[in-house]
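Data block below; observations after.
Order of writing sets the labels: A, B, C, D, E, F, G, H, I and J. Residues in every chain begin at 1.
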């Protein structure tokens, strides 16, 4: 099943630069691990914003949540989720 | 350039069923023409809502607007647009 | 998979009482068909509002959308959808 | 009486990891105590979000409030509450 | 149990003055019937707005919903509901 | 004159438990002083939320503001105020 | 007592030009009657919007509501009301 | 003085195509008259939306309002206005 | 030109009482200097809220911004601005 | 391609004055570098708010994001982005 996700990062203002850099490095590592697994299909930056739009394909809602919640910045993001399905006007056979 | 678009359809309550059916038929035809052109890359239904999430690649903002505004229901939709670009953590070379 | 759905009905003001009564009768028939199928597990009225909270279990996002979009008032409702999964603190083994 | 509750956790950014872990442990313990009592009937994670949807049955609004406000993270959550009642289209005799 | 309710009336623009006057007369009759029953305890106008704040005491969420949904303008109001309980700082023994 | 007030407390996350306890004790003392004066007529907890609904009768907007702003947590609350007056459908002669 | 009011006019789209012109003429007449009475102290247009900001002084919330609700477009406006009082930093002795 | 304006057109659903076409033609004529006068400096379409962003320079708030309110669709648009001034970091001497 | 301004103060929770008192004293001094200059015409407290409504007359948007941004709490307030002009129904010749 | 951008600065309350002054100095330097490059065409202060409206012309969404994200306060701003294109009623041949 496929989800469209919008993540807006709210950088904690009280963190030291070192703590933030550490989080960002682990964030990158985690998101790339999931991209390499083939489940995190698209990861786009929203131009001009500290935000991304992602398209994630998972075997279940549980797996989808496992992916998102493994991100170190998960507790500090404002996240919007849309569960997707086939549109009657779509000409593509599969979702992805 | 790539845009993520969210369209929420607000069906006018005063339209006859015939007028609505006519609009929906032309909406389908128009969206499929753009999908066949290769520019409207993904058209997904948001599960449980009269809404879609679309990924559209256009040569310019003008062409992107031409695609969206050619939809017969364009004046009756609530539309959110996000201009996308490469995310520093993305492993994919190109956007699509 | 399980979805929590909130539906707010926006009764079209220009409809005749006859047209509205017809829609409401078909709405009831459709929602009961799905409840009898075992997929629409809970249908609650929000006390004091023209709204419901529902818990729906479907085999796929497509089936979930088929259930919701089969409601005659579907185009005239404001619908919020949450895809659910197991909570780490839940003591119940299954979702339902 | 039955309530549908949505809790969005806003993790305080200035807390140490130790303080947060302590809160989360007590949060788990408290919510499980209420689940075991039979009053906190469903506790679901919203897929992809630091949020839950819960269905709670209480003898009174006072008891319902006692349950929610006993959670250690209660002052740090954004909480939405809906008081539920029987829907005229529901085929189930009781609410739960 | 006690509920605080806020009702904002959205007068349908397409109604004739006669239809509207008929609805308003029945609205008045219905709300006064409930006030006389002792269940609709307070009915206040919000100064400067087509809105009211009400305090309603009912035996159950079902009865509360029965009261609100019996109002002829129920489908054309934007309604906010708060279920109330005793505040730890309140000096009054009972809610009302 | 009568006001309906909704106060949502936003507990500052960086406060020590001691500082918070001190504020809460003074908050209780202040609100009870006003209740005993007969001006703060109702103080209800919103079930499931760190919020209250209050009905306050004051001689003037100045006195009403004096009451609310004397609360130690005043700068840390999100407050909504409604000035009330007699509803044409109300059967009660006075507001309170 | 003094109120700051913001009125946003939502012109009903289905009204004939004649009906609308009639309403606007009576709206003007009513607001000018209240201005001449000295109670509607300021009536300003918000530059670029179909909206006004008004400062109204009334003897009571009831009289304030009588003024606003006497406007023919009252049911078709989105109205925000603020009850004002003396600011501790104000150098002016009286409110107006 | 310079204003940034965002206009979102809400096409009335009940209008005939002829009435709408007439309004749109007069809208174009009016906006072009003001552009030719040199006061409506920029008129941009927001890509993918029935909306525009405009930069308007007027001699006074009154003249600015005269420009916007002369548009035939003025009562049917959702309009946001920002009054602009020189930014301390701007290198350009004048606003335009 | 005249502006209506709404300022909501968000007291930083981490400030010491001394730092806050210092800011508040300088805030008072600054706002009174502008009131004495005749440009800050009205400064009202919104009853029951840590907010004010102000009417400010300035020679230009630049001067208006100079007034507001000179307030020490300027970076910690949520500010809404409305540029005002003459209302066609106003009987008063001038704005103030 | 041209973007309209609205940036609302949320000054972190816990920063020292020295840290803030350092950020503001680097913010100025960065924005002026981009203005001198000819890409950041307009930078306006919104009168009365800690916000700006900017018009930026970039070769691609990537370049646009590079400009915005190079600002030191980028993680602490609330940013709204609109991708612009030619309006059918515009008389100007080019966007800028």
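By our rule, contacts are C-beta pairs under 8 Å (C-beta built on N, C-alpha and C of every residue); 3 or more make two chains touch, one makes a residue touch a chain.
Note that this is a predicted model, so its numbers are computed, not measured.
Undergrad: Which chains are in contact with both chain F and chain I?
TA: Touches both chain F and chain I: G.
Undergrad: Counting one step per pair of touching chains, how few steps separate chain C from chain H?
TA: Steps on the shortest route: 2.
Undergrad: I'd like to verify one number: the distance from the centre of chain D to the centre of chain H, where each centre is the average of its C-alpha atoms, in whole angstrom.
TA: 48
Undergrad: Once you find the CA centre of chain A and the CA centre of chain H, what distance in Å lies between them?
TA: About 38 Å, centre to centre.
Undergrad: Report, in whole Å, the distance between the mean C-alpha point of chain A and the mean C-alpha point of chain B.
TA: Centre separation, chain A to chain B: 22 Å.
Undergrad: Find the geometric centre of each of chain A and chain C from their Cα atoms only, then give the gap between the two centres in Å, rounded to an integer.
TA: 28
Undergrad: Would you mind listing the residues of chain H that make contact with two or more other chains?
TA: Expected reply: 2-3, 13-14, 45-48, 61-62, 64-65, 81, 83-86.
Undergrad: By the document's touch rule, what are all the touching chain pairs in this structure?
TA: Applying the touch rule to all chain pairs gives A-B, A-C, A-D, A-J, B-C, B-H, B-J, C-D, C-E, D-E, D-F, E-F, E-G, F-G, F-I, G-H, G-I, H-I, H-J, I-J.
Undergrad: Under the definition above, what is the set of chain I residues touching chain F in their complex?
TA: Interface residues on the chain I side: 9, 11, 13-14, 45-50.
Undergrad: Would you mind writing out the residues of chain B in touch with chain H in their complex?
TA: So the residues of chain B in touch with chain H come to 3, 5, 12-15, 61-62, 64-65, 68-69, 74-76, 79, 81, 83.
Undergrad: Inside the complex, what are the residues of chain B that reach chain A?
TA: 2, 4, 27-28, 31-32, 35-36, 42-48, 52-53, 55, 82-92, 95
Undergrad: Help me check something: in the complex, which residues belonging to chain C touch chain A?
TA: 1-3, 60-62, 64-65, 81, 83-86
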